[in-house]
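Report on one structure; see the data block that follows.
Lettered A, B, C and D in written order, each chain numbered from 1.
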Amino acid sequence: MNKVVHDVQEAIQGIENGMTIMFGGFGLCGIPENCIAALVRAGVRDLTCISNNAGVDDFGLGLLLKNKQIKKMISSYVGENDEFERQMLSGELEVDLIPQGSLAERCRAGGAGIPAFFTPAGYGTEVAHGKEVRIFNGKPHILESSLTADFAIVKAWKGDHFGNLIYKGTARNFNPMMAMAGKITIAEVEILVEPGDLDPNFIHTPGIFVQRIFQGEKYEKRIEQRTIRKR
Amino acid sequence: MNKVVHDVQEAIQGIENGMTIMFGGFGLCGIPENCIAALVRAGVRDLTCISNNAGVDDFGLGLLLKNKQIKKMISSYVGENDEFERQMLSGELEVDLIPQGSLAERCRAGGAGIPAFFTPAGYGTEVAHGKEVRIFNGKPHILESSLTADFAIVKAWKGDHFGNLIYKGTARNFNPMMAMAGKITIAEVEILVEPGDLDPNFIHTPGIFVQRIFQGEKYEKRIEQRTIRKR
Amino acid sequence: MLDKIGIAKRIAQELRDGWYVNLGIGIPTLVANYVPAGMKVEFQSENGILGMGAFPWEGEEDADMINAGKQTVTLKKGAALFDSANSFAMIRGQHIQLTVLGAMEVSEKGDIANWKIPGKMVKGMGGAMDLVASAENIIVAMMHVNKAGESKLLKECTLPLTGTRCVKKIVTELAVLEIVEGGFRLLERAPGISVEHIDKCTEGNLIIAGEIPEMKI
Amino acid sequence: MLDKIGIAKRIAQELRDGWYVNLGIGIPTLVANYVPAGMKVEFQSENGILGMGAFPWEGEEDADMINAGKQTVTLKKGAALFDSANSFAMIRGQHIQLTVLGAMEVSEKGDIANWKIPGKMVKGMGGAMDLVASAENIIVAMMHVNKAGESKLLKECTLPLTGTRCVKKIVTELAVLEIVEGGFRLLERAPGISVEHIDKCTEGNLIIAGEIPEMKI
C-alpha cells in the first residue's frame, strides 16, 4: 500500500492534454502549489479544471490560466483574477459557474458512486437551465449530476505512506471530496510520515482515496487578504 | 450556545408517542445507552425507530422492542434479535429493511438538505419496488429519498458544551449522519468537556447539529462477539 | 441616512441568542462587530468554520485560517473546522438560522440578483445560491439606489437571478423593509428620512401601512 | 472436496498486491488469514475501518473496536476510521477492488440471493446490497449444495434477490466457476472431484470447455 512517489515529476506522470483535473483549495488556501508549478513546467494544454476558484493573476491556477493551458474552468467564484475575466469575456476560456455547495456535493457524489441528486440551489436561475426540476416538500429542486476527474490533485498538511491525509485549518475545504472523485488522486503534503504516525481516529481522508503521495519541496502559502488587528 | 442539559430526563423531554427517532450505533457499539434506558422508563409508545440494528434481546433497542414501545423499525440488519424476528413474523412490528449504505446516505441527505439521490444499491430487488429507476453510465440506479426524524439520539466519546462531538473507534458508525438529521439532536457522551478542550481540527460532529448534550451516568458497552487471540 | 456601519448595526438587532449566522462579504461582515451584549451568536464561514472569531493580531496571521472572503481570521473557543461538503450540508440542511448578504437587485417578490452583470462582470455565485435557496431567514444588506441613482428595489430583477422568492428583509441606508404578498412593506425609516423619499427611491411596490417608526440604532 | 478453510485459501489466491478488500461474514472472513506472503492487502470493514487487523489478545478487547460481524478486532498500522456514510462512499464509489461474500443462491446470470427466506428468516441485507451493486469484482464463497442436497447454483434464484448480474466468480467446496454469457463456466475442480459430479450438483447451465484443471491449494 505504499503510495509514495519520488517527486512531483513522478506524481504528475500521465497527465495529458485535454484531461479533466480537480484541484483542491479555496482561494489560495490549501492549493497543491507544487503540482500546479510542475504542470506549468510540463506545459500540458486544453485542460478542464474543476476548482472552486481560479487563483490570482500570478499564483495558484492563475499560473495555468496565464499560460493558456486551461480550456475550461468549472468553478463557483473567480472574482480575484483579472486574466480569468479577460479570457472568459473574450471567449478564449469556457466557463461553467456552479453554486459552491453544489460543486462540493457533486464532487463528493462522484467519489461516492451517487450519479445524481436533487438540491434547491440554483432553482429559478440560469444554473437550472436544462436541468430537471422536481418539487419535494413543496419546494422546487434541481437535479445535479456527479463530477469525477481523470486526476484529482489535493494538498494536505500531513500524510502517511498509505495515503491517509490530515488537513489543517480552513485548508481542508474542497480537498477531501476531490480526493474521493479522482480516477487517480495525487496528494502533496507538507509533512510525510510513516504509517502509524497518524491517529486512525482523526484522519480526514482515508488512504483508499489516494493513489500517489509526496512531500512538496516548499510551500509559499500566499495570503490573499491579510486582515489583522493592530496591537 | 450552551447546550448542556441537566440529566437524561431533561434530555429526552418532548419525545412523545408516535414520534420518529433515529438512534446511532452499529450493533451494540456506539449506542446511546442512557437515553434508551430512559425511554424504557418513560414508556413512550408507537415509536418509529431508525437504527442500523435493533439491538439484542436484552440490550440496546431490544429493550424498547421487548417492551412493545416500537411500532416500526427502519434498519438494515436485525439478525441478532429473536424477539424482533418474532414480532416481525407475527405482524406486530412493521419493518422497513433498507441497504446499509442507502440508510447511511439517506440520513446524511436528510441532514444536508438533499431530498433524494440515485444509488445502484437495491436495483432489481424488492428494495426497488415503487422506486424510480434511471440509467446512469449504462447502469441502473434507483431514487432514494432522505430520512429525517423528530429526534436523533447519538452517543459520542467526548463532547463539549457547544455540542461539538468526537467519537471513538468504530463507535462512530451512524452517529455523525444521524446527528445531522434530527430536528432535535440529543448527544450523550462519556466525557463532557469545556469549549476549547477539543481540537477544532479534529471534531467529527460540529456543534451546530446538536441541540442537547449531557454526560451519561454509566456505560456498560456490552460486546456482542468477544473474539480474541489466546496468548 | 445610515452609513455602512449603521446598516450593520441595524441588522445586528435582528440577531437572537443561540443563532448560527452566515455573513456574506462586504457590509454583512461588519454585523459581527455589533452583536448585542450578552448574546451568544456563532458565525459560520462556508469555507469551513463554525465559531469564526476576530482578525488575528498583527504577526499572527495564518495562511491556513481564512474566511470565505479570503481574509485571515481566528477561531473562537469551541470552534469547529470541516470541509466544504459538510459546510454546505449545514447550509442546505437549514441548520443556520440567519443569512445576511449583499445584493445588486431585489424584487418585490423576494428575488435576488448579486452575482453577474452579463457581458461586464462575472465573479460567480460562490455560496450565495446555496444560501438563498436554503436559508429560512435571509436579510439583504444593500444600498437603496445604485451609483446612477436608480432604485435597487425593483418590481422585477433585471440581472441574472441568484435565487427566487427567498429574501425576507432588506436593510438599506434609508429603510428596513419586509417582503410580503404584494411588495416591499416599509417597517422603519432611517433617522431623518421621510416615507416620501423612501417611496421615491423604491421602484417596486412599497406598502405603507400605518405610522412608520424611525429606526433606533 | 474442500472444507471452509480450503475455500478461503483458494479465494486468497485471487488477491492482488495493493488491493482494498471487503470480506463478508462467515467463510469470507477466513480469507484474511491466507493472504499470500509478501502481498499487501488492506481489509475494509463497512462499519468504519480501513486496515482491519487480527482479533485482539485476550484481555485487550475494546467494545469500541468491532468489525461488521460485531467481532472485536484490532487495527493495523496505518489504519483509518470513518463513519458509515464515508464507508459506503468507498464501496459505492468503487474504491474497493474485491468483495467476497456468502450466498444462499447464485443464478447463472450472476444474480445473488443472501438476505431473506420469505416467512422464515429475515435478517436484513446489511451492506450486501450496496456491495454487490457497486463492486466491480465479486467472488461468492459458498457451499455448492444446501443441506437438503439441492444445488445453490441455479438457472434462476428462487429467493428474494440481493443483486442482479453482479457475481463474477464462485468458489465452492467442489469447484471454481466464473459467470459468463450463458452460464457457469467451470474453471477448476476441487482435489478429487470429477467434472461429472460438479455437473450433477449444478442446476444452472454448466459450461465445460477443454480440460478442467484441479485446484492448487
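Just a few scattered comments:
The criterion applied here is as follows: contacts are C-beta pairs under 8 Å (C-beta built on N, C-alpha and C of every residue); 3 or more make two chains touch, one makes a residue touch a chain.
All figures in this text were calculated on a predicted structure; none of them were measured in a lab.
C-beta contact counts were set side by side for B-C and A-C; A-C has more.
With every chain reduced to the mean of its CA atoms, the largest distance from subunit C is reached by D. Computed centre separation for the pair subunit A/subunit D is 36 angstrom, with centres defined by C-alpha atoms. With centres taken as mean Cα positions, subunit C sits 28 Å from subunit A. One finds 33 Å separating the Cα centroids of subunit A and subunit B.
For subunit A, the set of residues touching two or more other chains reads 105, 108, 112-114, 119-120, 167-169, 201. Multi-chain contact residues of subunit C (touching two or more other chains): 81-82, 88, 91-92, 134.
Contact topology of the protein chains: irregular, matching none of line, ring, star or complete.
Pairwise chain contacts in this structure: A-B, A-C, A-D, B-C, B-D.
If you check the complex, the residues on subunit A that touch subunit C are 26-30, 52, 75-80, 85, 88-89, 95, 97-105, 107-108, 119-127, 157, 167-177, 204, 221-231.
Of all residues in subunit A, only 1-2, 108, 110-114, 160-162, 164, 180, 195-196, 198, 200-201, 203, 206-209 touch subunit D in the complex they form.
Against subunit A, in their complex, subunit B makes its touches with residues 105, 109, 112-120, 134, 136-137, 141, 145, 166-169, 201-202. Subunit D meets subunit A in the complex at residues 18, 20, 40, 42, 44, 50-51, 75, 77-82, 86, 88-96, 134. Only residues 45-49, 54-73, 81-85, 87-88, 91-92, 111, 119, 121-130, 133-134, 160-165 of subunit C touch subunit A when the two sit together in their complex.
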